[in-house]
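Two complexes, one shared chain (chain A), two partners (chain B, chain C).
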Partner chain A sequence: MKKIRIGIPYALYFYEYYPLWKEFLTRLGAEVILSKPTNKNILDLGVRSSLSEVCLPVKIFYGHVLSLADQVDYILIPRMVCVEKGAFFCPKIIGLPDMVKSSISTLNSLLVPLVDVRKPYGTWKNSLFQVGQLITDNSLAISRAFSISWENFQKNYVANLLDPKLLNPSLLAKDTKNVAQGLDKMTINININIAVVGHDYLVNDSYINLNLIDKLKKMNVNILTPSMVPPRIVKKQLKKLYKPIFWSLSRKAVGAALYYFENKVEGVIHLTSFECGEDSMVGELIHHQSKQYPEVAYTEFVFDEHTGEAGINTRLEAFLDMVRRKKQYEINFAPSR
Partner chain B sequence: MKLTLPRLGNIEVAYETIITDMGHELIEPPPNSKRTLDLGVRYSPEYCCLPLKIVLGNFIEGLELGAEVLLMAGGWGPCRFGYYAQVQRDILIDLGYNFKMLIMELPRGNWKTLWDNINILRNGKKWSYFANQFGLAWQKILLTEKLENKILQVRPREKKKGITSRVFADTIVKIKKAKDREALKQIEREALQQFDEITDFKKKNLIRVALVGEFYVSLEPFVNHHLEEKLGYLGVEVVRKNSIRAWVEPIVNLHLFRENIKDEKEIEQAAYHYLAHSVGGEGQSTVGNVVLAHQEGLDGAIQVIPFTCMPEIVAETILKKVSEDLDFPTLTLTYDEQTGEEGLNTRIEAFIDLLKMRRRKGVMVS
Partner chain C sequence: MKTFLGIDVGAVSTDLVLLDENNNVLSDVYLRTLGQPIKMIKEGLSIIKKENQGIFLEVLAVGTTGSGRVLAGAVVGADVIKNEITAHSVAALYINPEVRTIFEIGGQDSKIIVLQNGVVVDFAMNTICAAGTGSFLDHQAYRLGIPIEEFGEYALRSENPVRIAGRCTVFAESDMVHKQQMGYKEEDIIAGLCEAMVRNYLNNVGKGKKIAPPIFFQGGVAANSGIKKSFEKEIGCEIIVPEYYRVMGAIGAALLAKEEMEQNPRSSTFYGFELVDKDYQTTGFECDGCSNHCEVVEIMIDGELIARWGDRCGKWSLGYQPIR
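And then the complex of A and B:
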């Protein structure tokens, strides 16, 4: 029998939930086709088929859906509403299946399971079950596939968390020693920690963020991301705010930013996309919090479909120069910590 | 205590009843103006939606006049409105103002804050008096909305241009000063009579347009560049789909009177085929209301949204499809601080011409 082919657009929340769906569907014997990483073609497709007022990540999601359209039987677009108490997804993500359906008329069938853990029919298990029943009638197999893939999903999530050594200032201490030994002060390569916070789909999509992560790596920077911060710490950090944040996807970014501020990393870069509603508010909150930590440099990069690489390069270099110079100054003149 | 509140349409008719009569000093923010907008825009995050900026402008102008306490509504998402108060508080603190912010919202778990806030407002007055004043304030808002809906029908039929707005402005002043429900009834009778006098009943079969979209922009004339008035002068009868009543009742009566939410259910049902889940704000009701407007036989719908509004962009995307399916013209007007008056006029006029043309064509064919 021919396998059912299910397409997963590699954008938005799938940066977080793709491993779960992939494993579940493969275990049930479906063929999972992941769209290619974002490229010029996908962006163009997305921009052409969506309204101009829609935010960049959603436009790119459109592009991924269109690029999958003629390769698969079904396209998976879960309606993500709520995965934890007191927090929702952004309105555009909740309405995403309907938006895609009404903008693109030529699509194959969409799979739209509801994920809303407040409701008994919307739990992860039920929503995966709905999709599983399309592939096989054997509910025992579905059940087993669910529990295994759920377990692995949790395990992998923990595996990606922060290695505590990364935040250790020992690297810096070594450099200070070198300085004391009389090495050339100006050429010492000071290892600095830069936290890149923002939605997963901005931090991890190297096409949208114009290879920012690679660029930072080349500049000998130790990169920290929100996914490295354990959920427990995020929760604790968010208590600092006057009012809890009610967007699931932003919670991680804000909690991580506050955590990195508190641990005095050298710099924090907040990635936002043009027209993103969450980021406009959350950016202001992070900015406000950053003022309490004057020793941490903070900047915000906004991306849209017209962002030029040269502009970002200049800003990034200027930001790093500033951070480095500050560090150098501390090593040369300030008493070491 | 010197207290200030944001503006929204004619909602200030109720302010004296619940603030001044409780023994507080009401600092009424100046009417929305270019300056309000400029102040708001200068200090808000760039990509925030317009209502946040205007309300921030209101607060700054109120604080300049000496206000100590800011009263603001809140919510729990997913629309950004729930976070307005928090962000505005942060911005105003950074600007160096000294104030206290009372946020009225249904609490999550912590009912004490709401209780404390209500007690601050009550200011030691008797509960019965407090409840009575709140009831009166609510009646004032209901009456204002009723009359506002009435003038939408009167204005396109008025005998002398501009007279409706003048009569209405007088009525608002009267409502503001009213001290009890009897007075309100008297005002209502008088106003309705005056409206009848200035209406030319010979004008029939006017173009009828539904006004849907974001709550604040559709109700605040300064922000939507007096859209209702403009349409009225073009001889169009506007059917306003948003109201303070429809906004507050489901929140307040949530656990008390279930039947009041019936309207909302109906709208949800109408939208279900196109947008199956609520997306926060007025996203789903915008879609539902357009479908209902089509069923009611209106000629078209105008959706007004602030730039970057999340729920309304979802609705806008879907409205394209609704409009195509039902053969029902819709126009989306996006407002931000740059919106120019003339561009807006042109678009509205063109849209109304289109509606008129469709009517004529329909008559000829049938």
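And then the complex of A and C:
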């Protein structure tokens, strides 16, 4: 029998949940096809087919969906509503399956499982089960595949993230070369640590962020990302805020930013996309918190469709010059901090 | 004579500065880029050469800055290629080590730089909008039929500036047309424009920044005394426009080049003033190696490839390698 081919767009929340779905579907015997990392073609496809008001990452999601269209039997677009108490996904993500459906009429079947853990039928298990039933009738096999992949997802999630020494990065989803295009192992002996915080789909998508990570790497700094901060630390950091963060996908970024501030890394760069509703709040919040740590340089980079890199290069170079000159000054004149 | 050369290639102007060993300005050149940076760099160099006729100029180091810094660096064989924020702050700090805030408003960019103890601690650049920049003023001056050089004087003559929406160039313009049709005096409208631009700058670029005196105002727009006055009115303290406000970026680049040579002594990679006679060509092609279709640019001197960039993957990039 021919394997069912299921396409996963390499964008938005899949930076977080891809490993879970991939393992689950593969265990059930489906062939999982991950779209290619964002490129010009995907961006063009997305921009042409999406609404003009949505943010760039959503437009790019459309592009990934379209790029998969002819290669697969189904495209997986879970409706992510709520995965933890008191926090939700961005409205554009909740409505993503509908937006995609209404804008792209030519699509093959979409798989739209609901993930809303407040509801009995919206648990992860139910959600994956629903999809599993498409592939096989064997409920036992589905249950088993779920248990194992869920366990591995939880386990590796923590294993991939690291101890509080601000080192050793690694991204989620190391299992495929496709996804693990990101950061290499890094060492302690580089003396400038720059934290790049923001949504995973900005930090890890080198097309959207105009190769920021590579540029930083060339500048010889140690790069830190939100994924390197273990969930329990994120949780602890978020307690410092007078109010919990409302959006699941922003929690990690905020918690990581606070953690990096507290650990006095040399600089924190917050990435946001133009027109991002979450970031308009979260950005202010992080900026506000940064003021308590004047020794940590802070800046924000806004990304949109323009591919001109001049603006980002200037900001980045100036930011690092600032960090380096400040450090030099501290070494020469100031008592150690 | 031992000298240091600084070149600032911006969207609107190309500035060159030649400093002597004691950081005195020997020559400063301010040219409109007019979309032809290479030509303007050559022209600037020949002007410097002419101004210092009869003196043997030994250029110990060259620095480039501005949005065209990489191109300029390749064209002249620069020793240091630095962003304009660092360049502007280094120049301002040289003139006054106490400086705390720098407003830099150029043709396409506006920036604010916050300093403490002679070190940059914060900065911001205008993001997607160009409402608070020189191009906006240029455009409005052209619309009103007033030479941009006289814009400031008009504004100073006003006793009763009208309020103009500063949020967006498009709205500012329609607001301005409306005020014209209502019969407001030209100078009041111009002063209103200056105030709108300053408000926009402080709300966008300067948002949340600690603005403390002494404040330096540099970049092409600092020539506009109307803007300076509006800043003073809005902030309530003196704004200092340094003597060489137009070429501060280039001064900074020269100082940075000098600093680099002091830290890592070597001989300069500068091609010399003879480069003005050389033939520069730029060609480009679209790489079809992958679906990104990067636009690759090549710079050649007399048919010899000296630099290539524009690709994301680095397959083509030569960066810029100085040749001898």
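Definition applied: the second predicted complex is superposed on the first by the 306 of 337 C-alpha atoms of A that agree within 3 Å, B and C clash if a C-alpha of one lies under 4 Å from a C-alpha of the other, contacts with A are read in each partner's own complex, and residues count from 1 in each chain.
Please note the rule applied: contacts are C-beta pairs under 8 Å (C-beta built on N, C-alpha and C of every residue); 3 or more make two chains touch, one makes a residue touch a chain.
Treat the numbers as computed from the prediction; the structure is a model and nothing was measured.
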item: First, second, both or neither for A:Y329, with chain B first and chain C second; value: second
item: Touched partner set for A:K40, first chain B, second chain C, both or neither; value: second
item: Which superposed partner A:A310 touches (first chain B, second chain C, both, neither); value: second
item: Which of chain B and chain C A:E23 touches, first, second, both or neither; value: neither
item: Residue contacts with chain A in the superposition, chain B compared against chain C; value: B
item: Contacts of A:N211 with chain B and chain C, given as first, second, both or neither; value: second
item: Partner chain(s) touched by A:S103 [first = chain B, second = chain C, both, neither]; value: first
item: Touching partner for A:F274 - first (chain B), second (chain C), both, neither; value: both
item: Chain B and chain C footprints on chain A, overlapping residues; value: 274
item: Chain C residues within the chain A interface of the complex; value: 67, 82-86, 117-125, 127-128, 208, 290-293, 312
item: Complex contacts: residues of chain A adjacent to chain C; value: 36, 39-42, 207, 211, 274, 287, 294, 297-299, 302, 304, 306, 310-311, 313-315, 317-319, 321-322, 325-326, 329, 333
item: Touch list for chain A against partner chain B, complex; value: 50-51, 53-54, 79, 81, 86-92, 94-95, 97-99, 101-103, 114, 241-247, 274-281, 283-285, 288, 291
item: Interfacial residue positions of chain B with respect to chain A in the complex; value: 45-49, 74, 76-80, 82-83, 85-87, 89-91, 93-94, 108, 274-281, 283, 307-311, 313-314, 316-318, 320-322, 334
